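Shared between the two complexes below is subunit A, which pairs with subunit B and subunit C, respectively.
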Partner chain A sequence: MELLLDHERFSTAVALVERTVSSRDTIPALTGILLEAGEGGGSGVRLTASDLEMGVTTQIEADVRAPGRVLLPGRLLSSIVRRLPGGDVRLATDGSGVVHLTSGASRFQLRALDPSDFPTLPQVEGGPWQVDARLLREGLERTEFAASPEESRPVLSGVLVEVEGGHFRAVATDSSRLAFYQVPLVPPEEGAEVSAEPLHVLVPGRSLGEVRRLLAGLEEPVVLRVSEHHVSFQTSTFLFFSRLIEGVFPDYRRVFPKEQQVRLTVDRLALLEALERIALVSRKGPAVVRLQVDGELQLESHGAEAGQASESVPVEELEGAGRTAYQVRYLTEVLRVLSTPQVRFAFSEGDHPGTIEPVGEEGYTYVVMPVRLP
Partner chain B sequence: MERFIVHIDMDAFFAAVEIRDRPELAGKPVIVGAPPTSRRGVVSTCNYEARRYGVRSAQPIQVARRLCPHAVFLPVDMPRYRQVSRQVREVLERFTPLVEPISIDEAFLDMTPVATHYPDPQAMGQALKEAIREATGLTASVGIAPNKSLAKIACGTGKPDGLVVWTWEEAVRALAPMPVSELWGVGPKTAAQLERLGFRTVGDVQAASEDQLVRLLGDRGRLLARLAWGHDDRPVCPEAAPEKSLSHEVTFEESLVGLEAAEAALAEISEEVGRRLRRRGLWARRITLKLRFDPFVNQTRSLTAPQAFQSDLAIFQYGLELLHRKSLRGPIRLLGLALSELTETPQLSLFDRAEESLLDRLQDQLNTRAGRPIIRRARLLAAQQPDPQARERKTNDKGTRRAGPQSR
Partner chain C sequence: MGPVIRRLDDQLVNRIAAGEVVERPASVVKELVENALDAGARRIRVELEEGGKTRIRVLDDGMGVPADQLPLVFERHATSKIHRPEDLDAITSLGFRGEALPSIGAVARVRFRSRPRGTAEGAVITWEGGRFQALAPAGGPEGTEVEVRDLFFNTPARLRFLKTTATERRRAVAVVTEMALAYPEVAFELWVEGRESLRTSGDGDPREAVAAVFGRERARRLIELEADGAGITLSGFLGPPDMARRDRSGQHLFINRRWVHSSPLGAAVERGYEGLLMTRQYPVFILHVGLDPAEVDVNVHPAKTEVRLRRERELFGLVVRAVRERLAGANLGRRLVRVEWEGEAGAGQGLDGGRPDRASLYETGRLFPGEVRDVAPAVGATEGWRRAAPGPEVAAAAGVDEVALPATLAVPEPGGEREAGAAGAGKELPPDETQAFRRLLRTCRVLGQLGRTYLVAEADDGLWLIDQHAAHERILFDRLRRAGSEPPVQQPLLVPIPLELGPERFELFWESREELAQLGFGLEPFGRHSLRVTALPVHLAGLADGGRLEAAVDELLELWQREGRRQPDRVLALLACKAAVKAGDALTQEQMDRLLQDLAATDVPFTCPHGRPTALSHPWSDLERRFGRRG
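Then we have the complex of A and B:
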């Protein structure tokens, strides 16, 4: 194989696939980035990385002097390419398992991995469905954080992605709180092939974190496809696939409270900053904030050692009075991912969930259970 | 900078609460504790009238009955005392946030930052006592000194309804004639050892050089010298550090054979550790089972529950899950449960109903009042009383009784 690549394009492509390179070397081939240059030349080169859980592939233009396949150590290739000064990069094999990478005055002889050990990528052909990149990214951003970081209950470590009835939905929960995002789909372009079947898949939060990163700045439809065990996301620049989580996602529709005793509208950043301030006193264990609404919103936090803190936050459209308590993190995390100036917060006393919704944006609801006070 | 550390001790607390609520008891000897018919129960608290007859805390109730047969004997009503204790704590926190509760009826306060609000320490102590009396109708003894150990000793010298203020110089003079056992950390064993070495009073210790004490007692000698001279720089820690774990384990005189016997012991241990968990107002998320097989092979198995739990039944069921995880490697010499990831404020779940430990709390209350487990969960009781056939086998076995659990 012999290739000539533009440094900037190559560097971007390597950075795109590098994050799905396996960090564990139990299967050495998964620590590599696969480069494939087709027969016939001129058609470019394909870069692929996968840790079996997820993978991404992207195609870039290249001057293919001789076609071939090589598997190069992913982290090393990425570190080298990132540090090259620019210009052209030449990659060539010499038939002895060594890849020569040259650029300007730099020369590297890299020991390649055996490309035949690299797994074949899953065939993901069901669908397709289309979701606008911006909405997909926003939906993931506003839900993925609510998934459980623990793997002990796999269904809770994922985000439920649904396309149904002209809507795109993303839902995630760690069982203590739940984030629900729903937007109407932009009608697909004339002639675009789109499935009329509903889509329901449960995708690992970690994979979606990568999807979110890959979607940054894109404004185009993303094509979703599914197979029995996988989902893929395709854009003009990449094809990403992830394993699906098997199991039944909890019935999220029944967690939305119908009535709330207390409702108020509050400035999102003012509430976020007040919570961050008063949480400072509880450094050990999860910080808990007590909220009291009685004509105003009063926040209070007790630290085991540091002391205590309280603050009142100005509110509007206040109805009802009562008190409750939450883990501070469960409130600050959602306030951070929202973008509207104001949020609506509502709760009922006792073992009932509170709700947070952005004011002026339809379709997003965050439901959070309180902690029980002693 | 000189510190103003206050030690507050509610006078004959349990008895005082009882007398406050039943004025007809005033002036009579009142003993709170096990029922006077109990053979092994003890005195929890008694008022000063009863103390005149020689009745003391922790004394067997039978001895108390002999010393003072006409006393009024009352059962322990912990929830009520705890409520009054909270009230006292609220009063103290009006004076300073630096309140370190030591027990239900004692606390340290660091009044250094607010000392200038009072003309002198005497007035500070008086204000505290009055505020407590106003809020609860009870008297407290107060000791004020430059550090914790001196404040506590000072408080003890003024009981009941006392107020003792010591400067460091006054404290050193006051300590001299006291027995060494008055010092913090000097228990009966150390006291006996010190007496053998010729140190009977704190003054004896003060007269010795630090070098001499270190030669005789090692590092403890240095600490002893510091305490005898009234030095102690421990800070007042508001709200004692939260507990990280709670555990209970039992070593068996005769090793347990078979799953059934292990389950029976597990049921008993679950109840004990559950009672202690609830008494502290805590919930746990993690549970660890500890097993020791003959000869000295230890095993631990743990799990984290999806939700915080507090009931005996939940503890028992998770314990069973761990016990059944692997087969037993032989007779069990020791069995224990540890609860960790403790919290006072358990996170509730959207999908699973929170555990209602109302029954457990009711059970705790009744059992505490009775002084013995009169109410138990049938499921746990069943585990402890295996089917009659099995019992027969055991009694026939050379006539020895089934190995019973014995607390360490």
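Then we have the complex of A and C:
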């Protein structure tokens, strides 16, 4: 194989795939980045990295002088390419398992890994569906945090991604709170092939974190495809795929409360900061805040050792009165991912879920169960 | 002609009785050493040849037997130890039936030489296969020397039943070992096949005797136990959890200095280790229980290795409590330092061919001198999960830490009991290693996460590694244990978790709903034999996903089916394990810092409830030595 690459393009492509290079070397091939230059020549080179859970592949233009396939140590390649001063990069094999990388006055001879050990990428062909990159990213950002954090817990550690009835939805829950995001789909461009079937997939939170990163700054439709065990996200610059979580996601439609005793509008940052302050005394075990609404919103927190704290937060459009209590984390986390100046907060006393919605944005609801204090 | 019934002659009676008393060389050794001890010996030497099969020789410097009484030695039920029936109720000597020597004499060639203290000359009597051979004057040192040759030479059937020489030798050695541990004021010498195998100083210091048996380094690591109260005294040594073995071979229990093979009190010691050991691990301990002889019935088993106790339940509770309290105050943190394996016979050899096993790689942490002993007992109950709130005097004595004393283990006068334990023989109080460990956890700085499994932390004394799962397990376990006195915050679920149990399992589970509710679970029946979990204790929110709750319930039911509900702590440990963070879970800096603070607040921060260590240390001194900075 012999290639001539533009340094900037190559560097961007390497950075794109590098994050899915496996950090554990139990399967050495997974620590590599696969470079493939087609037999036909001319069209360019494809870079791929995968840790089996997820993977990214991207295609860049290159002058292919001799086609071929090499697997180079991912982290090393990335470090080298990042530090090259610019100009062209030449990659060539010499048939002895050594790859010569030269750029300007720099010469590297890199020991390649065996490309035949690299896993074949899954065929993901169901669909396709289209979701605007910005909305997809926003949806993931505002739901992913509500999933169970630990990777060892399958179903609830993922985000439910749905395309159905002209809407894109993302839903995540850890069973005590749930984040729901829904936006209308941007109509696909003329001639774009789009499936009319509904899409329901449960995607691991970790994979979606990578998707969010890859989507940063993009303003274009993202093509989603599924197969039995995988989902893929394709843009003009990359194809990302992830394993799916198997299992049944809880029926989220049933958790939205219809009536609430108490409703109020509050400044998002004022509430967030007040919560963070009073939680400081509650250091033992999960911090809990008691809320009392009676003409104003009064927050109170107790620490078994440290003492207690309380604070009142100005509210608007107040209806009803009552008291409740939540794990502080369950409130602060959602207030952080929202961006509107104000939020609408509503609850009922007893074991009924409270809700938080951004004021001025449609389609987002956060549902959270209160705690039962002894 | 039919069979004729005849009275057996003495010789035959002895041979039959020998079957009960003399089973193998070890039983001969035991009888002879006991006789020596009963004779007031200060030095005892035991010699074995071919594991005692061909020759056993026991010498002592005891009071000896006058020549005119020597012929009685081999007569059945001739003894100097008891005279009247009442004596049986308060036996203070080891032997008493007068069966031992006649039984041995019936099945071996015995030479019995004795010279009473202060006499110029002694005598020797020989006896073979139950027959008198000779009696003659003899010299030799003061005391008694008994030589038993060719055991079972005249009873081929019994001879055939002996095990290999190695096995018989091991058993005989074990007997001498137990005796040496029981009688630190007697100097024991054991010679096996011409080689000295054990020698104790006989200076009366129990630690010396233990050191002779276990090796000095291991003896140093044993945790001394002294306690008394309610007519019982406990003294001895507890092995740290990492010394535990896969069998009970490291357990030495003595009741009134009599080695007892199996007793509920041994089980009580094990119960005291609950939460510190992994399953199928058995603690090492040497425990002397002192009781009014009237409370002990030793006449249960011919070999007297089983005894019957009055007030057994009460004693059980006392032992559990004493062991638990002592362990809670001991520094059980472990160091990474590799310790040379000491050649204690057969113990702890790894399965992989003599390499030291895992336990041997750790050494207990440094002692923290000069600390005031923390009296907070590890909390636990033997029955029921509900436990009484601590009485005022207990709470006061326990200081700032909130503790709930299980009602079943509460001693009428906790203060008095502690004082008695503390004053024990004017010894120094054990330093409060737990407090020091807690302070260390609170002040150390988390540097990062290693392999998503361990926290790496820097403390004043060097490097620490903390197992995130073990630490979190311990934290959750302690919080669950406190649920009785400190009701838990409940987190109701948005999406209740259904549990399909089937009729039988449903009943079993439903019976425990109150206990589970007290821990913070919300349960409601759902259909005929299914449940819905509507709320979880806030600490156990981790059970909500990934089938963890189902897995926990399966294991709970299995536990209850197998062992009933007697072990509430096992239930808590199981729940804590299932809900805790796992190896592989990424933690944020904040979570890691919190984990250490929370661990510091637990009762026993050194181990997870299954006994794995939570933390290992690598002190500066070791780092310096291993990097060659210091010699």
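Keep this in mind: the second predicted complex is superposed on the first by the 366 of 374 C-alpha atoms of A that agree within 3 Å, B and C clash if a C-alpha of one lies under 4 Å from a C-alpha of the other, contacts with A are read in each partner's own complex, and residues count from 1 in each chain.
The rule is short, and it goes like this: a residue touches a chain if its C-beta (ideal position, glycine included) is under 8 Å from a C-beta of that chain, and two chains touch if they have at least 3 such contacts.
Remember, it's a predicted structure, so these values are computed and weren't measured experimentally.
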Are subunit B and subunit C a fit on subunit A, or do they clash, once the structures share the same frame?
clash
Of the two partner chains, subunit B (first) and subunit C (second), which one does A:Glu362 touch, if any: first, second, both, or neither?
neither
Looking at A:Gln327 after the superposition, I want to know if it touches subunit B, subunit C, both of them or none. Which is it: first, second, both, neither?
both
Now for A:Glu219: first (subunit B), second (subunit C), both, or neither, which partner does it touch?
neither
Go through the superposed model and pick first if A:Ser157 touches only subunit B, second if only subunit C, both, or neither.
second
Which partner chains sit in contact with A:Glu190 here, subunit B, subunit C, both or neither? Use first/second/both/neither.
neither
With the two complexes superposed on chain A, say which partner A:Ser176 touches: subunit B (first), subunit C (second), both, or neither.
both
State whether A:Glu259 touches subunit B only (first), subunit C only (second), both chains, or neither.
neither
After superposing on the shared chain, does subunit C or subunit B touch more subunit A residues?
C
Applying the document's definition of touch, where does A:Val371 land relative to subunit B and subunit C: first, second, both, or neither?
both
Quick one: is A:Glu228 in contact with subunit B, with subunit C, with both, or with neither? Answer first, second, both or neither.
neither
Superposed model, subunit C segment overlapping subunit B, candidates 166-174, 562-570 or 616-624:
562-570
Could you pull out which residues of subunit A sit against subunit B in one structure and against subunit C in the other?
152-153, 173, 175-178, 250, 255, 284-286, 288, 327, 351, 353, 367, 369-374
In their complex, what parts of subunit C are in touch with subunit A?
479, 487-495, 497, 522, 534-535, 538-539, 541-542, 544-548, 581-582, 584-586, 594, 597-598, 601
Spell out the residues on subunit A that touch subunit C in their complex, using ranges where they run on.
148-157, 173-178, 250-251, 255, 283-286, 288, 327, 351, 353, 367-374
Given the complex with subunit B, which residues does subunit A contribute to the contact?
152-153, 173, 175-178, 250, 255, 284-286, 288, 304-305, 307-308, 325, 327, 351, 353, 367, 369-374
Can you tell me which positions in subunit B touch subunit A when the two form their complex?
97, 237-239, 241-242, 281, 304, 306-307, 343-352, 354
